[in-house]
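In what comes next, subunit A is part of two complexes: it sits with subunit B in the first one and with subunit C in the second one.
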Partner chain A sequence: MSDAQQVGGIDRRWVYLLVAVGALLPVLIPMGLPILTTPAVEALFQRVESFGPQDVLMLSFDYGPSSAPELDPMADAILRHCFTRGVRVVVLALFPLGGPNMAQGSLDRVTGEFSVEEGRDFVYLGYKDGAQAVMRRMAEDISAAFPRDHRGIPLKEIPLMQEVRGYPQIGVAVSLATGILGEYWANLVNAQFGQTVAVGATAVSAPKYYTYLKAGQMIGLLGGLKGAAEYEELLASAYPELRDRARVARRGMDVQSIVHLIIIVFILLGNVFYVLSRSERTRAGGRLGPR
Partner chain B sequence: MDLVSAWVAAFLTLAIYSFLYKDNPLYRFAESLFVGLSLGYEIGIVLHRTIIPNLFQKLAADPGRNWYLVIGGVLGIMLYLRYVQRVSFLGRWALAVYMGYFVGVELMQRLHGDVLPQVKDTMLPLLPLSLASVQNLLVLVGVLSVLVYFYFSRPHTGILRPVSRLGIWFIMVCFGASFGYTVMARISLLVGRLTFLVDDWVRPTLAAILG
Partner chain C sequence: MKRQIPVLLAFLTGTFVVVAFFVSAPVVVGLNEKLDELLMIVTAFALPLGVVSFLQHHSKKIGRRSIGWRNSIVSVASFAVMASLGIVEPFVSAQGRAVGFNWLFDTVFTPLQATMFSLLAFMIASAAFRAFRVKNLEAAILMISAVIVMLGRVPIGKFVLPPSAALTEWIMNVPNLAAQRGILIGAALGAASMAIRIILGIERPYMGGAGE
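What follows is the complex of A and B.
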């Protein structure tokens, strides 16, 4: 076996180890690499910026723990943005496998930082099964889909929900989604009911949402941890007092940058060694192509 | 998160990651535990947040007004009759109702919310010439060439051959973007676990030991 083949055939566990070390270092020692923002994220941020205490944002937790590292920072940043501006929030969960816990966890983390009152400044409706049916029902009457909030209090007794009957009273509906649920907000809630929609998607799903964004079916898109980091960056720039709190995703992007560099180096090295070993085989009179 | 929970979660995290070295009993234990817990969680949440409040409690509260809910409940039970050989055909009836409903809902939703807006978004102005019109032309060429690639009723010869080849290039660019995003997603999950291990496990443990 030639030198090139030997190096190219390195045990993949060495690659894992290098990625682990590259990922761990920025977690231990944050580097604060710059975050560049994109129009898709700025659009949602600016929409929330234009809101005031009379406006309501709907935040749907359509993901579970497996997507939490990407979507939790988005949820926290959006909630902080709303509460800082006095925008009221209607929270719900449509993803069965952990959605309710994700919503409760985010509210627990953020509401303690602000002097907000449940029922007046925000409402958590809880979880309801049957995503599309729930979305349709909410267009007619939110209380028909969620007769009570997560504490069991009837919606008609909650001050905020006395003003919010359905989509017409919602300024923008933001879905933090894994899988197909985010699509329903665009191709059902926006297309059929004209509700302004934005989606925070896992990075795996993000490419498909660009078609909805470009077609005007969504006003904003936060794609994966990068989207969350961009929103945190915009929030920290506009509200410096939140800089230390809105940093989970920005810190994660340090890791992304280092690990992506490692991956790029390995892709380049892999191709170089492939070409070298191929040319060695050609010189030795062997057949072309990988063995 | 209290320290005991953090230790349990850290143990399970490391057990899962131990697969990267090689398959082992700890990994299989953590994997099986995850599958079992996920299934139990989902059953519990659907039972307590949907079936009990939306079916049983409503029927108990006002059976005269909510009688129609029995239909849904019976159809749901019928789905499980597929496991009883003598009456398994009843499971197909319930499935047929479910499919009919879902196809009806989904068909209109896809047509109205996906096909029409996306077709409309490809009908873009190509004149007057500008950077925007060049982008619009790129979108148009991309859509048409990819559609030609997926046209299988004629062999890709003659003019169809270069156009379908161009379509492959557009598809490859799309796959590349998707793969890049997928890598980012997987690294994000690693970030989440490492952050947990450092912030919620190692640091509190050291703090507890060192006082």
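What follows is the complex of A and C.
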């Protein structure tokens, strides 16, 4: 085995160790790297920024625990933004494997920070199966899809829901989605009912949403932890009192920075060894001569 | 009749939903809303079907002592505990929350999923080192794009390769968008043609197989 092949055949446990150290160090020693914002995130932020206490935002938790590290910070940041501005929020969950727990967890984390009252400032409708049918049914009458909220209280008895009948009363619907649910919001709720929609998606799903964003079927897109960090950054810049609370994703970007660098270094090293071992093989073949 | 009635139902409902998209007459809208409610109920019935299939699969494995039968015992036991707590929760908080179910979800299910997905970071690094080889022009373009996007999506990219953020935006908004749009249009045309085949009874997946 040549030198290049020997170094290239490095034990994978060294790779794992380096990634572990690279992920751990920024957690122990935060780097505070600056976050650049993008137009897709700014658009949603500015839309919420234009809202007041008379407006309502619909927040759909369309993800489970596997996507929580990326999407939970988005949910928390959007809820904090709404409650800071007095924007009322209608929360629901359409993802069966943990959507309701994600919604409840986010509400538990954020509502305690503000003097908000359930039923007046926000309402949590709970979970309903049959995503597309639920989205269509909510167009004119949310109570047809969710007759009661998660506590079992009929919607007609909830003050906020007496004003909000369907999409016409919703300023923007934001879906934090894994899988195809976010696409339904764009290609069904927006296309069929004209509802303004924005989506927060995992980094691996984000590229497919650019088609909807450019077609005007979505007003904003938060892609992965980066999208969450951008929203946190915009929030912290506009409301300095939230800087210490809205920072989970921003701190996570330090970790992602180092791990991405490690992966890039490994890609480059792997190719250097590949080129070297190939040229060594060619030279060895040249020395042997033609058979 | 066993064949004709399901095919006729699929034809009528499929055609009606397409027509309802373009017609705003109150009768049509009302009936369409009823169909949506029916869909929610039918979708909910898929869950018990999944449960039966899950139990059949694992009980067979346990009964035959097939490979991994001990894992099947864990699966069935986990299902029984979570389902029981989900249906009849003995521990309910003052706010009406299911304490036992949520405790298991938050302390067992969530960390297990987090662990599985966290392992991806290690696998990707190892795979990148071993498999991401520039063997031809296409692989070179892919690798350069990947490196730019990986740098452009993290704050440190600004220091390593200053134009990476702008280049990433361009990659996402131009080549990525073009490819995604092509895939999406292709998939939509495929879905539309499949829908027509189902409405016309040429494809009958709801009867357990394709048509003749």
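We adopt the following convention: the second predicted complex is superposed on the first by the 285 of 291 C-alpha atoms of A that agree within 3 Å, B and C clash if a C-alpha of one lies under 4 Å from a C-alpha of the other, contacts with A are read in each partner's own complex, and residues count from 1 in each chain.
Basically, a residue touches a chain if its C-beta (ideal position, glycine included) is under 8 Å from a C-beta of that chain, and two chains touch if they have at least 3 such contacts.
Computed from a predicted structure; not experimentally measured.
Trainee: First (subunit B), second (subunit C), both or neither: which does A:Y127 touch?
Mentor: Only subunit B is touched by A:Y127; subunit C is not.
Trainee: Between subunit B (first) and subunit C (second), which, if any, makes contact with A:V27: first, second, both or neither?
Mentor: First partner only.
Trainee: Going by the contact rule set out at the top, does A:I263 touch subunit B (first), subunit C (second), both, or neither?
Mentor: both
Trainee: One more residue to check, A:A186. First (subunit B), second (subunit C), both or neither?
Mentor: After superposing on A, A:A186 lies in contact with subunit B but is clear of subunit C.
Trainee: Taking the superposition as given, does A:I35 touch the first partner, subunit B, the second, subunit C, both, or neither?
Mentor: second
Trainee: Once the shared chain is lined up, is A:A144 touching subunit B (first), subunit C (second), both, or neither of them?
Mentor: second
Trainee: Would you sort A:Q54 into first (subunit B), second (subunit C), both or neither based on which partner it touches?
Mentor: It touches nothing on subunit B or subunit C.
Trainee: What is the contact status of A:N271 with respect to subunit B (first) and subunit C (second): first, second, both, or neither?
Mentor: Touch status of A:N271: second partner only.
Trainee: Looking at subunit A, which of its residues have contacts with both subunit B and subunit C?
Mentor: Common interface on subunit A, subunit B vs subunit C: 16, 19, 23, 66, 68-69, 98, 128-130, 132, 192, 203, 207, 211, 214, 224, 226, 256, 259-260, 263.
Trainee: If we count contacts the way the header does, which residues on subunit B are in touch with subunit A in the complex?
Mentor: Within the complex, subunit B touches subunit A at residues 20-21, 38, 41-42, 45-46, 49-50, 105, 109-110, 112-114, 117-118, 120-121, 174, 177-178, 181-185, 187-195, 198.
Trainee: Considering the complex alone, what residue numbers of subunit A touch subunit C?
Mentor: Touching subunit C from subunit A are residues 10, 12, 15-16, 18-20, 23, 33-36, 38, 64-66, 68-69, 98, 101, 104-105, 128-130, 132-134, 136-137, 144-145, 151-152, 192, 203, 207-208, 210-211, 214, 224, 226, 253-254, 256-264, 266-267, 269-271, 274.
Trainee: Over in the complex, which subunit C residues touch subunit A? Could you list them?
Mentor: Residues in contact with subunit A: 21, 33, 36-37, 39-44, 47, 96-97, 102, 105-106, 109-110, 113-114, 116-117, 121-122, 124-126, 128-130, 132-134, 143, 146-147, 150-151, 153-158, 160, 165, 169, 172-173, 176-177, 180-181, 184.
Trainee: If you look only at subunit A, which of its residues touch subunit B in the complex?
Mentor: Residues 13, 16, 19, 23-24, 27-28, 66, 68-70, 96-98, 100, 126-130, 132, 184, 186-188, 190-192, 202-204, 206-207, 211, 214-217, 223-226, 248, 251-252, 255-256, 259-260, 263 of subunit A touch subunit B in their complex.
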